[in-house]
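In order of appearance the chains are A, B, C, D, E and F, and numbering begins at 1 in each one.
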């Protein structure tokens, strides 16, 4: 069954799975088989950025996307694959094999209830590979368990920070100083979401240039303060609001295509 | 090293790990080796209760506990072991082996940074067994990896809904109608936290009596609407605030003992 | 199908699964779907106690329970989760994830044959969490494999040393010196079972007080001779016989309730 | 360190690990680094044979071997890899991956304490492959954990029923009717050990001929009553005693060579 | 240690790890810490394409790259993650969790010997996610095992079919009919490598258009003959030779950068 | 369904799965349900032998067997269980648990397509245990997934170097100097296959005598240059050709029996 978007709601409370009862979900499934999972990470974001950046932003984008589309949003999975950041205090990482199992189990739970289109809004590049691997593992299990929805089950990874309009706007705002980790664009969204982070902002020396990512010791050696080519001091809360809306709108189109595709 | 509680802070922003930078965490570790992990579940809570109840309540208690103690609080792990609830739409469960790996990786990440006392504030009975198993697995790995903190690493499971003062107050408020799942006490906390849930409240027929928990089909047969002996219609938002404070205060004492014990 | 207890037998040979043939089991399943699994551990029990204490006692209680009830008893799983005792020579521990798999496979094997009520008689506190996690994992697999008994499968953990009448009698016999590990009550049962252990009994200095349990190094530091607050020198073989019978009778009632419950 | 055999003891109580205290094991390790693990299975043994045959015989041989050599004997691991017997009621099987983990953990536990030579007395052909795989896995882990004994750790699989003198004697006693599963030689040992089994003996029709072993359905189709070419009715308790002694003596020589080899 | 490329060799025999002895490898490691792993898949490639396409091409590119650079090339891992192709006969797939373990073990083996830069030449899009996840898992294990090379270990995934010059040439040769699976460019390389495949070439009806990839049933429904928008009949052996050289040259530059980077 | 051998083909291209299309495999399955998997290892073979010996020889034997029988041959799995050789540079080993998963997934993939008889041609003794364990695991999964072929699925391990005629010929050619690792017989096959290896041949000092195999450090200590009692300098390319043909012919008979057996 293809589903059109249920349509916008007034408040995110209406689309948070966490705030529904099970009969609410049964009713929802009568008309829509789609669901959104926000996926983040809990990892260092430079000397001034928040450790929760990737989870906070993924959740915020997912909720705004849900509000605009009417599609249910599950709680955020706040811990992701951040092995390479373990050299910095506060980083909490799931090993790839663990995250694979987590996403597998989440997808299988949803598929058991009849959800057929699972849209993961991801806030962390390091999750991408494992998420895709988990989708393949989940399709296999759904088939081998003979789930009713198995032939129709589809999962899609959507990285809000890589949506075209988001990247273009970040380029306009920050040029080369966007960088690749602890970027001003993601920091801006967190400044919009949490006032307490604004006070942490301060001018920083030039970041180590962007490069490749390997293990935690190598990462800390290359990127001594945790940033990859970025200048998060450029971030402003008002940028964050704009980027959040830009991301939600871009993903709304992707989600609509995903749900309605035959 | 034993740690005394850092002491109360004005706002939970000050103790949310998600809102700290990595140098903030480095500084924190100079004086305190303790950390709080909220652990919830995403599962049906009867015909009117919120699917997110266990995660919402665990997170709220943990944050209030952090505010009163000054101990850092990680993001909530919102998905737990809820296999027996999979017969109700919206439930998302990690298999026990998966949750074991998740908690193992979280503890190991924290231990790598030098955290020595890890206090899990849990909102779901179904997580208890797996969490304890995960602690044992984590101690073993910490030792076999030769982590510096391995001999001092301690984890503690604390179920807010089973704290003595909480159970006593719930008994006073609801008597036998507290029940064991979708209880008025946990529902009350969610009503306090989220206004939108108040409208879902309605009188319900008498719940199936409390009993044992086995697999999902057996659970649904025994407890057809998902409740175990509870009357969540008794819950009021003001009870929720009181229970939240009661839980936080009770756990503050446990946490203090845990951190300062030799 | 609910099963009433088949009724007492003259000798434990009649209810040891190990001493039945497969047609014997087929016949048994015509009238009873229940089975008992003794679960122990192989771990230090203080400077005088037997390393096999938990397996020896669990097996003895299970066999006596089987004799009184007529319910089949599988061989004992003598190795359990004893990671925290690995600092003492002779301890053999399965990691939690391993024990989880063992119990999962045992339950699934039995369920394949049509056993529906699986009663684990456990002799070791450290097994409790992992056993419960394994039950949940097994219910899930039984359902996902579509086993015929899946909707009726129930497992129950019964710790003989925590049965009410056992704890009361131990308190009468030993008061505060019962302690929590290498307790006189469990040692007494081993003295009753194995004469050779009596010669090892000797007066010991006061044990380290009871406290919490974390990793192996921490355990050895807290409890330098392996005991937790106990005085095993108080144990007498005749206590052991009495405690064994007390445990078997207490568990017989639990088992009867478990098998006959709808 | 190479170890010579400690020498015979009067009673098996003296060499059962289960009946030692941890200081006993510490003392033992001063002079001997060897240990014996009995490994069985819990699986159908034809229409008259005991389901526990492989565990009962492995344990009996191991204990007699311990008595003659003075080498410690751990509790029996009574559950092994018996997937192909799952078509017959009462069989309890660990999946190969599970048994691999069990043996891995057992070896690692022993190696942690300083045991260097681990001699597995096995009673079931179906365990052989997985046991050898587990040894290789354990060597790797011992090395990667940097265990002190890692460079000296050696494990050996010894199948009592395949010892030369045992096979010769079985051939003399039973000729071609020894067969390959539910053999009169192993049944004879169980008759010697357990009187109650004698009454189950009865003449049986000719068994299905020996052949290959694949999955459970294929096994049941090929060997409809569970026997592979054997006539267990030929078994006598007195054969059992003789075979037990023959096995113990043959294995004593193997064990001596194993412990003393440089 | 950074390594420059050892330089071209006359024949691929000189750089095939399979054809070296262990002292040869010891000598090689004196001057170069780099190694190439070809990674393929064994999966359907449309009604006329070879099931081995991805392994044959990855191996050929890797060997030619080795010949030009002098860097050792391991044997090809011919089985990859091809779950979505399991609806077509002959496809052999490793589940993502399995492939993750395979690549993890390969990297760890090489790192144990002192290899520091591991360059995976991949022939299959479906392997990309799992390979990247495996790298992260391997970095973690290398660190937790304390391998000497852990801080310097780097792995890189290089997909020959996505190298810029290869994609440009494929576009020139085939335009839109390159498609995304069973592409004429990869088929061309196999035609160059294996004459017997030329006879299988035949005109085919227009392929199903490119689209997304989910589970095996969904894949077969969308792409009934296995092709994704491609016209493999356009492939010529001479194209294959050219593309092979183009790929090897493009990857040689990437490899040089990878090995020499600080 | 039993299958007779399809009959000899002119060229191995005709029976390489890698060179078939999926409709080719569908057609093949109409008349034959058998398939051959070559399984090797990538590990040291003494100071002059090729690291790829076990994979090269297994693949060559399997292909010649396929040519003579007409049975399809999958690509070689070139990496096996070689933990004990990790002390020598160039060895790449899969841990037993990993290889178990690999073979499990390969068998399950083939069984999904309807292959019923899977014949593994193995070139490495160290793979034997894990391969047999994997077969048992695969039978269990095939049954629990309810695969149509599950009751008929059969796997067989065939070690080319242990075939009777091969061992007799090796004994004639090399006597006691055949040894057990880096044997002249396997080296001879590689000399026949790869001219470049001939130049590596040189007289070696007497090898360490054959003995047992445990962990990697123990192996290197016992067998300092990697050989076990062998004199690979005796190997000649013409021996290799003869041994290859001898092996293929011997295995052809085993394969025929395997495929045609009821």
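By our rule, a contact is a pair of C-beta atoms (placed from the backbone, for glycine too) under 8 Å apart; a residue touches a chain by one contact, two chains touch by 3 or more.
These numbers were taken from a predicted model, which means no experiment stands behind them.
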Reference chain D; chain at largest CA-centroid distance: A
Farthest chain relative to chain F (centres taken as mean CA coordinates): B
Distance between the centres, which are taken as Cα means, of chain F and chain D, whole angstrom: 30
Chain centre separation in whole Å, for chain D relative to chain B (CA means): 46
Computed distance of Cα centres, chain E from chain C, in Å: 53
Approximate Å spacing (C-alpha centroids) for the pair chain C, chain D: 24
Touching two or more other chains - residue numbers and ranges from chain F: 86, 95, 97, 101, 146
Partner chain D, residues of chain C touching it in the complex: 11, 13-14, 16-26, 29, 40, 42, 44-52, 55-56, 74-79, 86, 88-95, 97-98, 101-102, 104-106, 109-110, 112-114, 194, 196-197, 200, 226
Residues of chain F defined as touching chain D within the complex: 81, 83-84, 86, 95-97, 100-101, 126, 128-137, 139-140, 142-143, 150-156, 212, 214-218, 221, 261
